[in-house]
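Structure, as structure tokens:
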Amino acid sequence: MRLSGRSADALRPVRLEVGFARYAEGSCLSCFGETQVLCTASVEEKVPSWLRGGGKGWVTAEYGMLPRATHTRTPREAARGGQSGRTQEIQRLIGRSLRAVTDLRALGEIQIRLDCDVLQADGGTRTAAITGAYVALYQALAGLHHQNRLARIPLREPVAAVSCGIVDGEALLDLDYSEDSNAQADANFVLTGSGGIVEIQSTAETEPVSQEQFDALRALASKGIAELVEAQKVALGLLRSDR
Amino acid sequence: MRLSGRSADALRPVRLEVGFARYAEGSCLSCFGETQVLCTASVEEKVPSWLRGGGKGWVTAEYGMLPRATHTRTPREAARGGQSGRTQEIQRLIGRSLRAVTDLRALGEIQIRLDCDVLQADGGTRTAAITGAYVALYQALAGLHHQNRLARIPLREPVAAVSCGIVDGEALLDLDYSEDSNAQADANFVLTGSGGIVEIQSTAETEPVSQEQFDALRALASKGIAELVEAQKVALGLLRSDR
Amino acid sequence: MRLSGRSADALRPVRLEVGFARYAEGSCLSCFGETQVLCTASVEEKVPSWLRGGGKGWVTAEYGMLPRATHTRTPREAARGGQSGRTQEIQRLIGRSLRAVTDLRALGEIQIRLDCDVLQADGGTRTAAITGAYVALYQALAGLHHQNRLARIPLREPVAAVSCGIVDGEALLDLDYSEDSNAQADANFVLTGSGGIVEIQSTAETEPVSQEQFDALRALASKGIAELVEAQKVALGLLRSDR
Amino acid sequence: MRLSGRSADALRPVRLEVGFARYAEGSCLSCFGETQVLCTASVEEKVPSWLRGGGKGWVTAEYGMLPRATHTRTPREAARGGQSGRTQEIQRLIGRSLRAVTDLRALGEIQIRLDCDVLQADGGTRTAAITGAYVALYQALAGLHHQNRLARIPLREPVAAVSCGIVDGEALLDLDYSEDSNAQADANFVLTGSGGIVEIQSTAETEPVSQEQFDALRALASKGIAELVEAQKVALGLLRSDR
Amino acid sequence: MRLSGRSADALRPVRLEVGFARYAEGSCLSCFGETQVLCTASVEEKVPSWLRGGGKGWVTAEYGMLPRATHTRTPREAARGGQSGRTQEIQRLIGRSLRAVTDLRALGEIQIRLDCDVLQADGGTRTAAITGAYVALYQALAGLHHQNRLARIPLREPVAAVSCGIVDGEALLDLDYSEDSNAQADANFVLTGSGGIVEIQSTAETEPVSQEQFDALRALASKGIAELVEAQKVALGLLRSDR
Amino acid sequence: MRLSGRSADALRPVRLEVGFARYAEGSCLSCFGETQVLCTASVEEKVPSWLRGGGKGWVTAEYGMLPRATHTRTPREAARGGQSGRTQEIQRLIGRSLRAVTDLRALGEIQIRLDCDVLQADGGTRTAAITGAYVALYQALAGLHHQNRLARIPLREPVAAVSCGIVDGEALLDLDYSEDSNAQADANFVLTGSGGIVEIQSTAETEPVSQEQFDALRALASKGIAELVEAQKVALGLLRSDR
């Protein structure tokens, strides 16, 4: 039994609030337990210069964290003069993950910029960001479709993300901060609704993971992602919640 | 009558949510109409090097804005590589304003760092920030007092801020974004609960302000600040709300 | 009586040398007592990109200080890698103040860049800068008019600036460095020749200012500005000096 | 058959030259086909400040690329003013990978800094860097042991890395630049000599990877890593080459 | 005959005003014709960290240029975010030149920081800077000697600098801006009072210089430096002027 | 006799490997004893903006050093956030030196970018860089001529560089690191094949150089450059080696 009372294969309570930000074309407050990430999608008429004239669109992401999202204060990146390597690594991951399910040609020469800002951090901020960014992106693209600027919503299938890890020798789903701090290894899985692998990032913190352990993490992730994709559909009104 | 239906001397609906951030020693979500600023107070054991060993404390502030707090997206400062002049100007103002009511000697060698992050921007972000930062600061200092780390709460009196401006020849209190964009001049007043002037920043946008117009702005500000100080006391449980 | 022997409402000796810089289109060495600021105006054919094609001009300012302008050496901003928040705040103030009296439409698509560099600092550098920048701007615009590039000099009225403060409970005009260091509060006033308010920046250093004290500062400022505007006119040859 | 004539499960010719750099405590020129990475290990007496006094050591890495290592010139990072997100991501990966096999407590308060500089780039630079960095690290630690500064070589087992990818539907080992550019997905595996998983980074470029495809990549990686670990041992003189 | 009426081997009118800056320990306004450089010497109690405890002092220099020192405006380095390569090259040259005549051991653990700021630029700013910096340094060190903080003035002999160049095939001394712009080659000579070579920087702009031409430049420089050293002595009151 | 057994007027063993880098249009590994500099020449279709449309080309250079090229590790410039003053000074020197022998008009609107990266540093890195950069530039331009993009190779004559210095009172050619560290003065000479002076940079480290000493250094440099120019010709296949 985990400190929180969750079973090894249980997600934290997930809440996806669509339209949380008043001015953005798409938005979602994505909460995995105490972790809260505000995801917005901004529609821009201009694609990056290396894409211009090619008829294709682009999806990109930026990530940030409020200084006091964390248990002790983290220095503000703007004040320090730039984004850390960790921040850049996470925002590149978010961008790649969302592009993997977007039909960029069907999008046309439009750029969607996803901003994922962590209001509160209790582990799993990047997975909450990806899961919420999909909802914000969907809302923005549905808006363009509704305005007849797109013939259809250019998304091939949903994408969501979850973390898993080995703590005290046991494979656990969706680590919170205190579990993550004690993990022997953790892994982030970004999977599509149909189970396709978009990204796997598995990292040993204190000792390498065996092939069997890794397979246990994969199985947990598949279960978790299925639940997250259902939550996304419910949030977007594409599915009625059973709960 | 203003677009919003407010009278010239009316504040927007004000909401001050104490304890909004789970991990900070003090926090307040400060809402002036659609403007929302999350203010947190972090207690640090270390004062800046030029103060060390002198027995005095320090209060400082940082200000930021989520990229999509605004009607159209504003580039992220961390990604651009630093804080703009405007951001630095605002955070220096917030810090000075709060230090003006803090007894730094009674605080002792402790630093309180105030983070004011704009979640949604509809005009008056710096005034909402100062008003909310006072609440967050009070909560953090009350906590230190409660833990017997301070003999009393080292605040001399409340401080709050409000903007005023001349729009279409008329003096208005607490401008929203669309009023601010059309103002001939605007002014930010930072006043204490007893009416003392902490800061005045009056700026002509399109033409200078007459001495009479300026006096009208001062009168509006005094009325607004009295209401804001009352709201702070209610939020902190120091006063029962009449409403 | 002040240390310098000045009365409370007296300016320091003011000297405005027009044409001090050999190569600039306009220039003025502006001296308020020991404070010396070299102001130059450079005419540029190109306005900022967001103004292009609109038929309007622009006036902007930059501020700097020689490292040994001050009693003890101040680190060079170029060597530290950028301008401090204080520098940016001052140069934004100078730019706004001069734009407030310039008819940007009559200027046409020309940019005037004002550089205000402090050669010696004894308090009041921003007010000496604004007062001198007006003279440099006038000289540059008069030159364009003389070359028939402008039908008239596109300035509506003069603008000048002065500081005031409360020292030992008394309101004083035009603080020098040692008075400024001991002030309870100080305020910078930017006023036009006809008494219009362009900017007021009033800041409490150690305790808030009462409404009466503030009115005393305003009265001092009005007197000081009238004298500075006269000095500007004499320097520009628009008025014969009585002295 | 691949363009290069290699079979799907064949590494490129691997060459690990120990002691390539004259002045470093450890070094290895690591070549995977045309890819050449110079890895050096520098012994430093000082650990990062957050580790001081704790009796533990540290291993960290930096990564760079000569501007003309690539087919067309890449702008120099030092001239552009900083390291790109990609560079930081890679150097963090190298550092984590090597720390995973180092007994930091047995190392004591010493820091080993690994510099991995790409002289020529034809795909797989990060995997060649990790594989070579292990050799450089081993040489540096063996030197400390030889000087009696360490009781033993504080490495638990070897670590090496290889890339795999799906190209034209087929799983291939150790992609070169032209294969990598056409891959549907690629994955970098960092494994220990005993088969433990240190890092997996699997990324879909154009479409998600199925669970079966991922298992095929894993199998290729295991084969490749076994060969690389043997090459490391031969290079370090711990094993006689059969070839 | 040169445009200015000078003969090929004549300096421009030289003016060295000692004590120009009110607050610095040493200062000199150094004018070579229209070129004006304000040089100040600041005494600091702290030497760079790599010198501490060794009993030796240090002399270092910084160089800057007011934006409108030049015929057309030059962007401000602090606003651009750093010093250009040219600026750094010049300030390193000034520092080396002055250290070459200073007895750093006799100076003791004191640092003298020389700031050379160009108020007006008409060619030869680095040579005017070195020549004036020597005067400012002498004044600062004489002050320390006068206060009994130094047993003697720790300077071995004077140092001065001058430029020469080949223009229209002729060797000329002390080029102004228009001559410099048309030079085939130019050279800066930093020599001591006794004729020792501290620095030579000879640069071909459009075609290489023959060995004979270079010797002609050397002869001009020797003549010019002798006159500059005399002007330094007169300015410092060590010699009575004949003129 | 020098530590290395060389006579005072002897170069270290020189090795110039043409075509060392596989992907660059021109390249040369330039070795002066233990000093190794990899020089590449990249052909770019675009000249700097201030040259566009003028029919002239440009040659520019960048310089870098691997962190562990040196006896003790030097911090990586990209990680520190920019190029040092020394690096900029050297790369400006390399660029000027190569432009001095290039007929930029005959080159036409093409830019050649020379990258000189030090793999191993034992003194004289800038002179090895210039000498090798000439070979890389020649190879790149010969390639353009061979492709009929240039009517001839637009180089007027060879250029090479060597250092000399005064060590223990004796003038020595081509200093290695240990000699350089003990030199009273050193000088870098950049001369053409016909003996023309492109650059001289002579710097006194501990005491000024007499005119006679300087002439001795010049004579050594002339001898050394003649040998380097011959080595360049042999490397480029323009001359048969006698050795």
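Should a chain be cited, it is by its letter among A, B, C, D, E and F, assigned in written order, with residues numbered from 1 in that chain.
The rule is short, and it goes like this: a contact is a pair of C-beta atoms (placed from the backbone, for glycine too) under 8 Å apart; a residue touches a chain by one contact, two chains touch by 3 or more.
Being a predicted model, the structure only gives us computed values, none of them experimental.
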| item | value |
| --- | --- |
| Turning angle required so that chain C lies on chain F, C-alpha fit (0 to 180°, nearest 5) | 120 |
| Label of the chain whose CA centroid is most distant from the centroid of chain E | A |
| Chain A-chain E separation of Cα centroids, rounded to whole Å | 60 |
| Distance from chain C to chain A - Cα centre to Cα centre, in angstrom | 52 |
| Multi-partner residues of chain B (each touching 2 or more other chains) | 82-83 |
| Running round the ring (origin chain D, first step to chain F), the chains in order | D, F, E, C, B, A |
| For the chain B and chain C complex, residues of the former touching the latter | 82-83, 85-86, 88-89, 91-92, 96, 100, 185, 187, 191-192, 195-204, 207-211, 214, 218 |
| Residues on chain B engaged by chain A in the complex (per definition of touch) | 21-24, 27, 34, 38, 40, 42, 44, 62, 64, 66-73, 76-79, 81-83, 87, 113, 115, 117, 119-120 |
